[in-house]
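In the two assemblies presented below, chain A is common to both, partnered first by chain B and then by chain C.
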Partner chain A sequence: MSASSGTLSASLRARGRLWQRLTDAVGRWPASVRVAAGVLVALVAAALLASIVAPLDNTAVDLDRVLEGPSAAHLMGTDEVGRDLLTRVLHGARISLTIAAAAALAAVAAGTLVGVLAGTLGGRIDAVLMRVTDVFASQNHFLFGVLLLVLFRPALGGAGAVMLAVGLTHWPSLARIVRGELMSLRERPFVAAAVGGGANRRRLVRRHYLPHLLPAVGLAFVLTVPHAIFHESAYSFLGLGLPAHQASLGNILADGQRSLLAGGWWIALFPGLAMLAAAMTTGTIAEYWREHLHPRWRSELEL
Partner chain B sequence: MTALLEVEGLSVAFRTRRGVVQALSQASVAVQPGQLLLVVGESGSGKTVLAHTMLRLLPRNVDVSGSVRLGGQELLDLPPGVLRRLRGRRMALIPQSPASSLNPVRRLGGQLLEAAQARGLTKQQARTRLRELLDEVGLDLDVVGGRYVHQLSGGMQQRIVNAMALVGAPDVVIADEPTSGLDADLVDTTAAQLRAISARGAALVVITHDLRLAQRLGGRLALLYASRIVEVGPTAAFFAAPAHPYGRELLRALPEREGKSIPGMSPQLTALPGHCAFADRCPDRFDRCTQTVPDLYPLPGGGLARCFAHAER
Partner chain C sequence: MLKLIVRRLAVLPLVLLTVATITFALTEISPFDPVAAYVGAENNVSPQRQAQIAHAWGFDQPIYERFGRWISNLAQGDMGNSVVAGGQPVAGEIASRASASLALVGGALALVLVGGIVFGVLAAAFRGTVFDWLVRTLCYFNTAAPSFWIGLLALYVFSIELGWLPAGGSSDPRTVDDGGVDLDHLVLPMVILALTQYAWFTLYVRNTLLEVLREDHVRFARAQGIGEVAVLLRYALPNALIPFVTLVGTHLAELIGGTILIESIFGWPGLGLLSLKAALNEDIPMIVAITLCASVLVVLGNLLADVLYRVVDPRVREASP
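Right after this comes the complex of A and B.
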């Protein structure tokens, strides 16, 4: 009995410490980051819980209520076929954020993989991988994405093709950063010490290289997410992304552009604001993180 | 009698853009279990290269000839995988500057455990062994394990890397410049720790340019100058009466002796002369000294010196 209560109180204590550390960390954030984090959490929560927060069906057409402005019944108004805009924006945000996060993850994974391979293996493999990186980086990444969409949309569907198109066009810069970081890491004495202690290449990568790369890779992810949101919207707007009936921020914006001529300003405004909010909040957090990684800049500025 | 670690006729050269750097020429040393070998010389004389060649921690642009044998087994021909299992288990390196030889972004506990597991111990064994090793030097695994390397003092960092080297119970321990960057009072502590290591029965090779540490440690000493061993013998005999002129001048340069620095510079390793490398700076040189490289001649005290002054005996 005493043993089990001991484990319980220990786990409670551990949870308390974690909570304490979390609140301490939030306490150190500047106001702008706290606001951004709050908005982002609210946005993600609303998007995740879209069917609960906005219980109306996002595809339900009501031709009696076409192009109505914001009202108590429809907080963001309705679109040109009478669908509730709030519901569509929330569902759209869910899809757009998911695609953006998955695409950013794919880009970061590809960039890290190429960078680590080039940086640790060196020699000819490094040269080949870097030339491949150059080829990808020298293309206009938006048009290259369009090409990938055209090629892969039939096989993967809209959402999968957008992830692939964004993921495959946003890794080269990270690959270069990771490779450069590894070039200097490889010369550090603790790497020689680890090799002298019997470490093999896999252990070096896992235990010594990746922990050093984590901040740069994490930052690249957070910076890629807002960018990927714009890409998804742009591709869907062009009709290359998700099918038109499916709510995504880009699709709703495309509808909104048509309705704008009929006086329906709200259809473009609200998804635009949601997109801006998602991009701005992640951007603000990424910016703070980047500064946080280089505390030296600050002490120099404060001279 | 074959020694535990035996280096014979070892030459190491690096191919660089500035030409071939001859870092080590025809070096031969041997160590027995429980024995201490000091490798002394100024920076660039080849002592770290000697240590790293023993573990074959070498870059790709290197040419090695000669032989390094551990318990009769030739290390220079071993495939990398076999060599990797030897590192840490049979031969361990105590790296130069502990502060930069520990990963700054990971807690020490993880690094210590990982080092132990790399040497084939299970997690449980590793923990017990590390606890013992750290206890001996007055550190608590639970306390230092949660810290990062920058949170420890230089002396504590040194003890951590020592423990890391010893965790695999190696037969040979190679310490590379164990006192670089340490305060004078820590030199004594380090010397005591190193003596404790060789008291465990391991053969200990200490690379250093710190003559005070060398004098404290005793054992045997090999003096390197411009890629060659110029004198080998008991450390006490060296400090009492160095046989090679370079050793003599080196000791005279110590502040507590005469504090008189040696005139001239040691030769460039890309252009070593075809005669005694010290001839240009030597106060007692003969004609022969500027014609051929002297052999290692036996000394009455049991050592060897690379100087024609001892050729006649």
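Right after this comes the complex of A and C.
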């Protein structure tokens, strides 16, 4: 009895400390970062809870209400077959965000893998890996992504092909960063101490290199997500990404392009605003994070 | 200098070979079947006929033979035949579209350079004022906003609502098509394409200028009593632009990649629209050819940047013979 209440109060105290640390951290942020974080959290929450927040059916066709402008009943208006645009944008944000996060994760994982291999193995393998990285980096990533989409969409489907196209074109800058970090990490005394203590290469990577790289890799991930959202929307907008019935932000924008001549500006405006908000908030947060982590990083991860 | 150019040009075939190998490997890995794409999904083409087509195209030959033949054809400038161009050679179709893209990209590049320098210098000159804040805020907006979204909104406002500019194409269909380019058709796509690169360049000019303005030679110029305008334009700006030269190559590539979206929105008949058409029709030879051309441009652009860097900055010239 007393033992269980003891652990309960201990865990409550621990949770209180965690909460305290979190509020302290937020308190140190500048106002712009706090606003950005708030908007981003609201955006992600609205996207994840799309079916709860926007109770209207996102596929419900209402031919009496075709192409109506924003009103109290439909805050963002309706589209060319009378579907509620707010509902569609929220669902679209969820699809785009999910695919973008997965694609960014793939790019970051590939970049980290190549960077760690090049940085730890060194020598000829390092040289070959970095030359291959150079070749990939010198490709126009949008054009190369289009080639990948055409080749792999039939097999992987729209979402899988977009993830591949973004993943395979966005890793080189991260591979260079990770390799550069490793180069300086290798000269640090604690690495020499670990090697002296008998650590092999695998242990070095797991216990010493990866934990040190984590903040940089996390930042790269955050910076890559808006990029990936842009790529997914652009490919879907062009008809090369997700199939038209999946309401990603890019597909809604493609609807918007068709409705423009009929005067339906709101269908083109609102999905783009959601993308703008996502990119600006992550950009602001990542910029603040970067300045803390690595004041000299700008050139490599320019948004 | 000559040595550098020769050495870098000698690397060009190697880079191209690597890119070609990677693309060839990708087409091999992918389950994409060109014969199936050619005959279409719902067809009554017999398996024998499909095998004949595969044989005529050489798909039944071993991989190394196909790769070797493809590379040797590439080396002779034969990039295959295009589906979207009605079976015509890829190279000819690309050449016929290049001038429209060149006009678009060239115009956009000029706009980026002029606009970026003007607003970057003004923002640096009036740093800390409302004007500086406005320029920077607009730039951040511009970086975050997707280019094709801005393009759609601009299309709606300027072409559909206001009717100031035509909505698409390269010339008025009612006039005789002389293959020329109408300036009023060029304005919107050019400005929107320029906006994709304008923001970073303006911020870049502003920030490097502010750094250079803290250097000793600028202080010395001011001490001599030279006016602030002359200090900015003659003493600080040239030095601030030197590192920019190295970035030209990569950002030119970004500009070219941006044409796919911009040309599709405005129906501009250049290489971007051609790549989109090729992608939608699964025209692999065309997309591969355009990818290879883009790589050549990037390598040449980087070479040009290196040469220019040595021309404008004596320190680099002396450091690396």
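Everything below uses one rule, namely that the second predicted complex is superposed on the first by the 293 of 303 C-alpha atoms of A that agree within 3 Å, B and C clash if a C-alpha of one lies under 4 Å from a C-alpha of the other, contacts with A are read in each partner's own complex, and residues count from 1 in each chain.
One rule holds for everything that comes next: contacts are C-beta pairs under 8 Å (C-beta built on N, C-alpha and C of every residue); 3 or more make two chains touch, one makes a residue touch a chain.
In this text the structure is predicted, and so the values were computed from the model without any measurement.
With chain A as the common reference, the superposed partners chain B and chain C fit together side by side.
In the superposition on chain A, A:I177 makes contact with neither chain B nor chain C.
Taking the C-alpha centre of chain A as the vertex, the lines to the centres of chain B and chain C open to an angle of 100 degrees, rounded to the nearest 10. By the touch criterion defined above, A:P189 reaches chain B but does not reach chain C.
Of the two partner chains placed around the shared chain by superposition, chain C is the only one that A:L261 touches, whereas chain B remains out of contact.
In the superposition on chain A, no contact is made by A:A47 with either chain B or chain C. In the superposed pair of complexes, A:L238 makes contact with chain C only, with no contact to chain B. Shared-chain residue A:F230: touches chain C; no touch with chain B. This overlay, made by fitting chain A, leaves chain B and chain C with a least C-alpha separation of 20 Å. Chain A contributes residues 188-190, 192-200, 203, 207-208, 211-212 to its touches with chain B in the complex. Those residues of chain C whose C-beta lies close enough to touch chain A in the complex are 15, 18-19, 22-23, 26-27, 30-32, 140-141, 143-146, 148-150, 152-153, 155-156, 160, 200, 250, 253-254, 256-258, 260-261, 264-265, 275-276, 279-280, 282, 284, 287-288, 290-291, 294-295, 298-299, 302.
Across the complex, chain C is touched by residues 131-132, 135-136, 138-144, 146-152, 154-155, 226, 230, 233-234, 237-240, 253, 256-257, 260-261, 263, 265, 268-269, 271-272, 275-276, 279-280, 283, 302-303 of chain A. Those residues of chain B lying in contact with chain A across their complex are 55, 57, 84-89, 92-93, 95-97, 100-106, 114-115, 118-119, 161, 164-165, 168.
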